[in-house]
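We just call them A, B, C, D and E in the order they show up, numbering each chain from 1.
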Amino acid sequence: MEGIGYKILGAVLTTILAFVVGMFYGGFSRKIIARIQNRVGPPVWQNFLDVLKLLFKKTSVRYGLMHHFAPLWMITMSITTLMFVPVLNDGLFFSNLNFSGDIIFLLYIMVFGSLGMALGAGSTGNPNSAIGVSRGLTQMVGFEIPWVMALVALMIQYKTTSVTGLMEVQSQSGTWLMFSSPFAFIAALLAMPGMFRYSPFDIVGAPAELASGPISEFGGKYLSTMMTSGSIFAFVKLTLYVDLFMGGASNLIVLVLKTFTLYMYPVLWGAVSARFRTEQSVRYFWGWPTFFGFIALIYAAF
Amino acid sequence: MAFFDLKGLLSPVTGLKQFGKKPHTIMFPDVAEHASDRYRGLHFNKLEDCIGCGNCSTICMNEAIDMIQIAGYEGKKGDSGLRPRVDNGRCCWCALCVEVCPTGSLNLTKDYIFVTPDANDFLWTPGIDNKEKGEENISFYSDKETSLSDYSRVPMRELDGDVRIQSFAEAVLGYNEEEARKEASRCISCGLCTESCPDHMHIPEYINAIARENDEDALRIIYDNNPLPEMCGKVCTRRCEDVCAMTHRGDAIAIRWLKRYATETAKNAEIIKEIVNPEIKEANGKKISIIGAGPSGLTAGYYLALRGFDVTIYEAKAKAGGMTFYGIPKYRLPAESLEKQVGYMQSIGVKINFNTRVGKDIDFKEIYNNSDAVFMGVGFEKPWTLGITGEDLNGSLQAVTYLDVINGGGDMEIGDKVAVIGGGNVAIDAARVARRKGADVTIVYRRRVEDMPADWEEIEGAEDEGVHIMPQGIPIEVIGDKNGKVTGLKFARAEMIPDPDGGRPRPKQIEGSEEIMEVTSVIGAIGQEGDYSFIPDDMKNQIKIERGRFVVDENKQTTLPKLFAGGDSANRTADAISAIADGFRAVKAIEKMLMK
Amino acid sequence: MYNDKESQKIVDIIQNYARKHSLFILAYGTGCGAIEIPPTMTSRYDAERFGIRGSATPRQADVLLITGYLATKSLKRVIKVYEQMQDPKYVIGFGSCTINGGMYWDSYNTINVLDKYLPVDVYINGCMPRPEAVIAGFVKLQKLIQQGKADGWDIYKKNIDEYKANQKKIITNWVMPDFNF
Amino acid sequence: MSENKLNKEQLLLDLLKKKFILNESAVRRAKRVEVKVDPKEIIPVLLYAKENSRYISFAHMSCVDWIEDGEFEVVYILWNPEDKINLFVKTRISRDNGVLPNIDFIWRQANTYEREIREMFGIQFEGLVGRQEFILEDWEHMPPMRRDFDTAEFVKKTYFKRPGREDAKDVREFVQERTDEELPDFAKKYSRD
Amino acid sequence: MREKTTTLYLGPQHPGITGNMMVKLQVQGDTVVKAETHVGYLHRGFEKLMERRNWLQSFTIVCRICVPEPDPNEENYSRAVEEIEGREVPERAKYIRVMTLELARIATYLLWYGGQSGSAGLYTMGQWSVGDRNYILDLFEDLTGGRIYHMYIWPGGVRRDLPKGFKDKALRTMDYIEKRLDDYDKLLFENSIFQKRAKGVGIIDKKKAVEWGVVGPPLRGCGIKSDVRIDDPYEVYDKLDFEVPAMEGGDVWTRALIRRFEIRQSINLVRQALDKMPGGEYYNKIPNPHKWTIPAGDAFVKTESARGEFGYYMVSDGGNKPRRVHVKGPAYVHGVSLLENLLEGENIADVSFIMNSLGTCPPEIER
């Protein structure tokens, strides 16, 4: 009994942590981009205010069940994903629900949120959303390939299919996987901006073409939920990268340092690069990242 | 495309170094708003300088500026008393209103933040609603140089001084068409001048007509309330020009010369009649008598005739025009000009009995009893004397008498050295006439030159012609020889003492400064008064006369209901245009009285 | 939960605080004023300091900027966009044109008085209002939101008949639904 | 000196004169030649100018409403980038039922101009394709650029005006009231507006 | 096999549209098969309004025709009036006008940097360049009293003389902008992704350019050396030293390169104009605006704006109001039929990219 209560408390705390950290990361990134753009930028807690405000907004649009369901789906998927990603190396509190084989599960579930969004967006009937969804799915196919290849390479190399397994490998050997299997890391790293949908891979919701793309018709609570889910998911992705390639984190400070450093990479690259068209981004992902994925696979196999 | 474009990947990344730079963001509203020294922000109006001409309101294509009445600004001559109110729901900050403001009272300031949830707040009055810090914030203004108003008058061509004194030819040549159009186009048509014109002529309209190249309409507008416009165009005292909006920064519009231009386009009485083509009402059988064919009498006669009255004017002299004929020298107002205008009046049915002196040739009572109304425009004929010793000497004469003789075609011996005493237009006229007769003329005036009541143009003209002006000279005695002929003028120098009541400074004789000027004639020109001996005594009792003038109400009606009076003998301003105004007003009153 | 006034007040304060500091403006340049929006949003004036950011679709936007005159053809779209926005929503009128017609007061194709067709919360005067004035307008709007006075959206609903009558006077060919909320 | 300078211009004019019936023609100033032709001559003149005289650039096309004459004047302005000369081809058609030939097969962008002129003046172009509505929407009144369309009157009828400005005074009238000046009616057109 | 066609309305409320207009797209997948431009959302009837306003009042309204770059309108209006009336302009005023026009060109190009890169998703560029554009606007404010609507160039000259210290400030600003342009180059022009986006997109070939009447940078981007400043020099452009770039290519990238060259050239021209500016009068005063009439006649004047040739056809009937002022902006030829033609077969992602590169600005299409 106590164990389960402990777990539930841990899960709640993890979610809150992910939410807060994710939100602050968003705020910091806005601030940093603002500085690069020669301006002051919003306060770092701006994202909280945005979410809070959107929560208070009234909603008067109805597009049917999927429209309601999509944001909920997304946040559920984000939290679920979070549950399977160990936040700290060996903290009981934040290890949550991981099991052997969870990498494969994660690969699967991480796409799931996007699918939910796709369904929701499709139900709104807005052509912008529809085009955005099709772009998003195309692009996903793009970055999933090197990403999956990188993970498969890891799994083959270290003969484990669980995140904790890989973390153990790192803590035992004392080297981070980014050094011990560099090609997989490079492939995953090159695919990462696509996952975050920052420039140059922001064609999905490119305002200059598609208004906001899939989320065009989502406002108020929906958008608020989506933003919450987005920041949790960002935290999840960063933590996963840290877990997989950077040896995880033994405490929260190290975690924040590592994830934030990692986070700066898509943010900064996004600040100074233009946007790829869909086919260009797919071509990009199937170029160098996939090449490194192959190398990683070969490296792992032999 | 390069296989791997490293430069293309890394070059943009150098942009990240901007992170280390301080943002150039202006932290408004933590720091105050910025505006340049020439910024076109909200309006500010210096209410005291504003004359309410409404030019800003007119130039505004958005109709953003209303002229409204504001408590505390009642309006006076040359100030309508209205002030601009801006509707910022219309304003486009083009600042044309500033560029055309003739006084420079309207400006734009550096303030530009005007945010409110209530749209009705945008109706506001500059100078009142931003009284506190409006003036120090003025940023966009228009000075004389940048202003779109044209402040310099088209110069009037004149004969040179030494040519002028050869003859009595008209000294001022008048505008030609091009000059007139140019001058007329300076006018901003505010119409403030009409208020100070005693006759309230339609000045902006006729100037506009001239500017639009329609001289006939201009003449028609002028004849609407002035039947002697050519005379006015030449010799009017033109108070309109004193209050012209342009005077605040430059020369007034030459309203007088423009009127002159418009009237001179009609060469003779027939043409005037053809152009003006007035509507003459059917005869109504009422009989009006007018005493004196001066400006007021002629005006009354003309407009009464147009209104269908049977009008007879009794004139003591041989020519019509009164003082304007006999008092004003011919180089200012040629006889033909007046004859043309009088001829036109006669052609529409005004009867003038010349050489008929009321009281002598015809009895006043007879006229009074036979008429439905009588208008007296008898003027001031009797000159004031200087009141100094030696005035009765041979060679000491009065300017009015002198001018009367000369204008009547006669001549008078004045010798070759003349002193004219006085500083009014009559004095200058007499001096310039004497100059034309070959005399060396000196004007002796008690006060300074700038105190002279005469027109500055006249004074300048006199100086050009070689008339000497001796200001601050008080005549003491006319000195004669044993034959009773004038040989000199004894006068003293004066110093100016400020008036304790705030009036203009008064001259005070300096003891022991007496001098004697050798002259052959002394012409006094210090004023005239009326001669009402033609009125029988029993009637005179019923007519109220104060300080030598008939007392009249605003309808120019004397204390006798049937008797009206105007001109010099009824108003204190004593100039031609006031006389015309009196005549015009009397006409309206007579019509009202008789045509009930 | 607790339906007493005190807790409602606290909710209101939090709610208004969040609304005040997070204003998503709809990227819709309806008139010349749109030219001063980029400088306002970019580095020199940086409106994002106030939590103001652009939003691409009306569904997510809080503030509709009517940046100047509205041609009748635009009016139709603006009304549609306004009605697509979610409550609470605010309208800021830019420049003289929205107040009383501005310099296009006699144009056959522009409306003159905006608040006959849409409720306006704040007017910013200028032609065009410069970025400082725009920011001042936003600050004013924030103040109104905090005081709970920026209730144009509510007024619009209450007086919907009047607004619709005015709108239909201009838009003769009314092909959209009367209102969609 | 200017005689020599206008050589090219005169040359063009002579060429056109030889070839077509010109109602009126002149070299207005340097770089500017003007010809007036009948509507039916428009296409031949323009084609000739484009094909034979290298007036390859279509600079502008405009329409002026001469309501006094009951006519529209349509101006085609061509530009020769080699000689640097503007050729104005003007033609006049009746205001009531004037029809002009469509020239967008000569210059493609003329299509835009013609659509605008069709909408704003109500001139029909033979064979012009493109949506009837170009700028206006649901316009049921007279084409607005015609001189007899009174936009101020239309605005008064259609749109609102913010109240509160009724107390405005006209300076001239205000002073007139104060002085009892009576302005005759015929003079009022000279009052400032 | 025919793919399903979707109708996509780009605008009028759309962040990617330059200004307030609408492009109705028929798309198959991401490809545009048919485009139709709808304008009129900004129609104010300027030309009608000018018939109701006198010659001076009309001057204040013309700058509103093109919001990003109002000065060529003022220049055109003034020059048309001067041509009909025969009014002389003082030499100094001509130099000031040229300087103003070139400053406006710089400001417009800086805005274009923002628009072009913004439509390619590179927002930092826009933040920089639009932010830096304010320094040019500050100059305008010092010079004219207005940031956006200057209402400065008017018939007979310019409205005010240069303020004290303007020359120094202008030169300092020019130095600053020039330095910043190097940063822009690194971020935008050397950016491989931007190059990938821009190259081979929205191609106009030489023949098409002539046939459709393309003007300005897009025309020069097709390899045709054409610039009103050289072809039909106005003001004092014939006394200044500059060259017209022309590059083969005709795609978005070439147009961008042309603009990149021209903004530097404009900086140079501003320096030249400031340097060579003579003293003396700056304004040949017009008469009282209420009574200002202009003899009957007509004129067609052209000015090279940042986006191409701006033409004014003006007719006077001898009265105090213009009979007709017909404005033709560069977007008039670019933004309607050419755009429709150009968008066919392009990717949706490139629609606003191409619009920006053509400099489409709806207010001057419908006015």
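FYI, contacts are C-beta pairs under 8 Å (C-beta built on N, C-alpha and C of every residue); 3 or more make two chains touch, one makes a residue touch a chain.
For clarity, every value in this text was computed on a predicted model and none was experimentally measured.
Student: Check every other chain and keep only those touching both subunit D and subunit E; list them.
Tutor: B, C
Student: Quick check on the contact network: minimum steps from subunit A to subunit C?
Tutor: So the least number of steps between the two chains is 1.
Student: If you tally the C-beta contacts for C-E and for A-B, which one comes out higher?
Tutor: The comparison resolves to C-E.
Student: Farthest chain from subunit E, going by the mean of C-alpha atoms per chain?
Tutor: Greatest centre separation from subunit E goes to chain B.
Student: Need the most distant chain from subunit D, centre defined as the mean of C-alpha atoms.
Tutor: Ranked by distance of C-alpha centres from subunit D, the top chain is A.
Student: Which chain is in the middle, if each chain's centre is the mean of its C-alpha atoms?
Tutor: So the chain sitting closest to the middle is E.
Student: How big is the gap, in whole Å, between where the Cα atoms of subunit A centre and where those of subunit E centre?
Tutor: 44
Student: Can you work out the whole-Å distance between the CA centroids of subunit B and subunit D?
Tutor: The separation of the two C-alpha centroids amounts to 47 Å.
Student: So the centre of each chain is just the mean of its C-alpha atoms; given that, what is the distance between subunit B and subunit C in Å?
Tutor: Chain centres of subunit B and subunit C, defined by C-alpha means, are spaced 57 Å apart.
Student: Rounded to a whole Å, what is the gap between the Cα centroids of subunit B and subunit E?
Tutor: The mean C-alpha positions of subunit B and subunit E differ by 53 Å.
Student: Indicate the residues of subunit D shared as contacts by at least two other chains.
Tutor: Residues 136-137, 144, 149, 151-152, 162, 192.
Student: Can you list every residue of subunit A that touches 2 or more other chains, as numbers and ranges?
Tutor: Expected reply: 34, 36-40, 128, 207, 211, 271-273.
Student: Do you know which subunit E residues sit against two or more other chains?
Tutor: 14-15, 40, 43, 45, 48-49, 52, 60-61, 124, 127-128, 131, 149, 187-188, 191, 193, 196, 290
Student: If two chains touch, include that pair; go through all of them.
Tutor: Going through each pair of chains, those in contact are A-B, A-C, A-E, B-C, B-D, B-E, C-D, C-E, D-E.
Student: Which residues, counting only subunit C, touch subunit B once they are in their complex?
Tutor: 43-46, 49, 93, 96, 99-103, 105, 113, 115, 120-127, 129-133, 135-137, 139-140, 144, 149-150
Student: If you look only at subunit D, which of its residues touch subunit E in the complex?
Tutor: On the subunit D side, the touching residues are 31-32, 56-60, 62-65, 75, 77, 81, 84, 86, 88, 107-109, 111-113, 131, 133-137, 144-145, 147, 149, 151-152, 192.
Student: Contact residues on subunit E for subunit C in the complex?
Tutor: Answer in residue numbers: 12-15, 19-20, 40-45, 48-49, 52, 60-61, 64, 67-68, 111, 114, 126-128, 130-134, 137, 147-149, 363.
Student: Can you check the complex and tell me which residues of subunit C touch subunit D?
Tutor: Its residues touching subunit D are 72-73, 76, 99-101, 105-109, 111-113, 116, 166, 169-173.
Student: Report the residues of subunit B in contact with subunit C in the complex, numbered from low to high.
Tutor: 23-29, 33-34, 61-64, 87-93, 112-117, 119, 122
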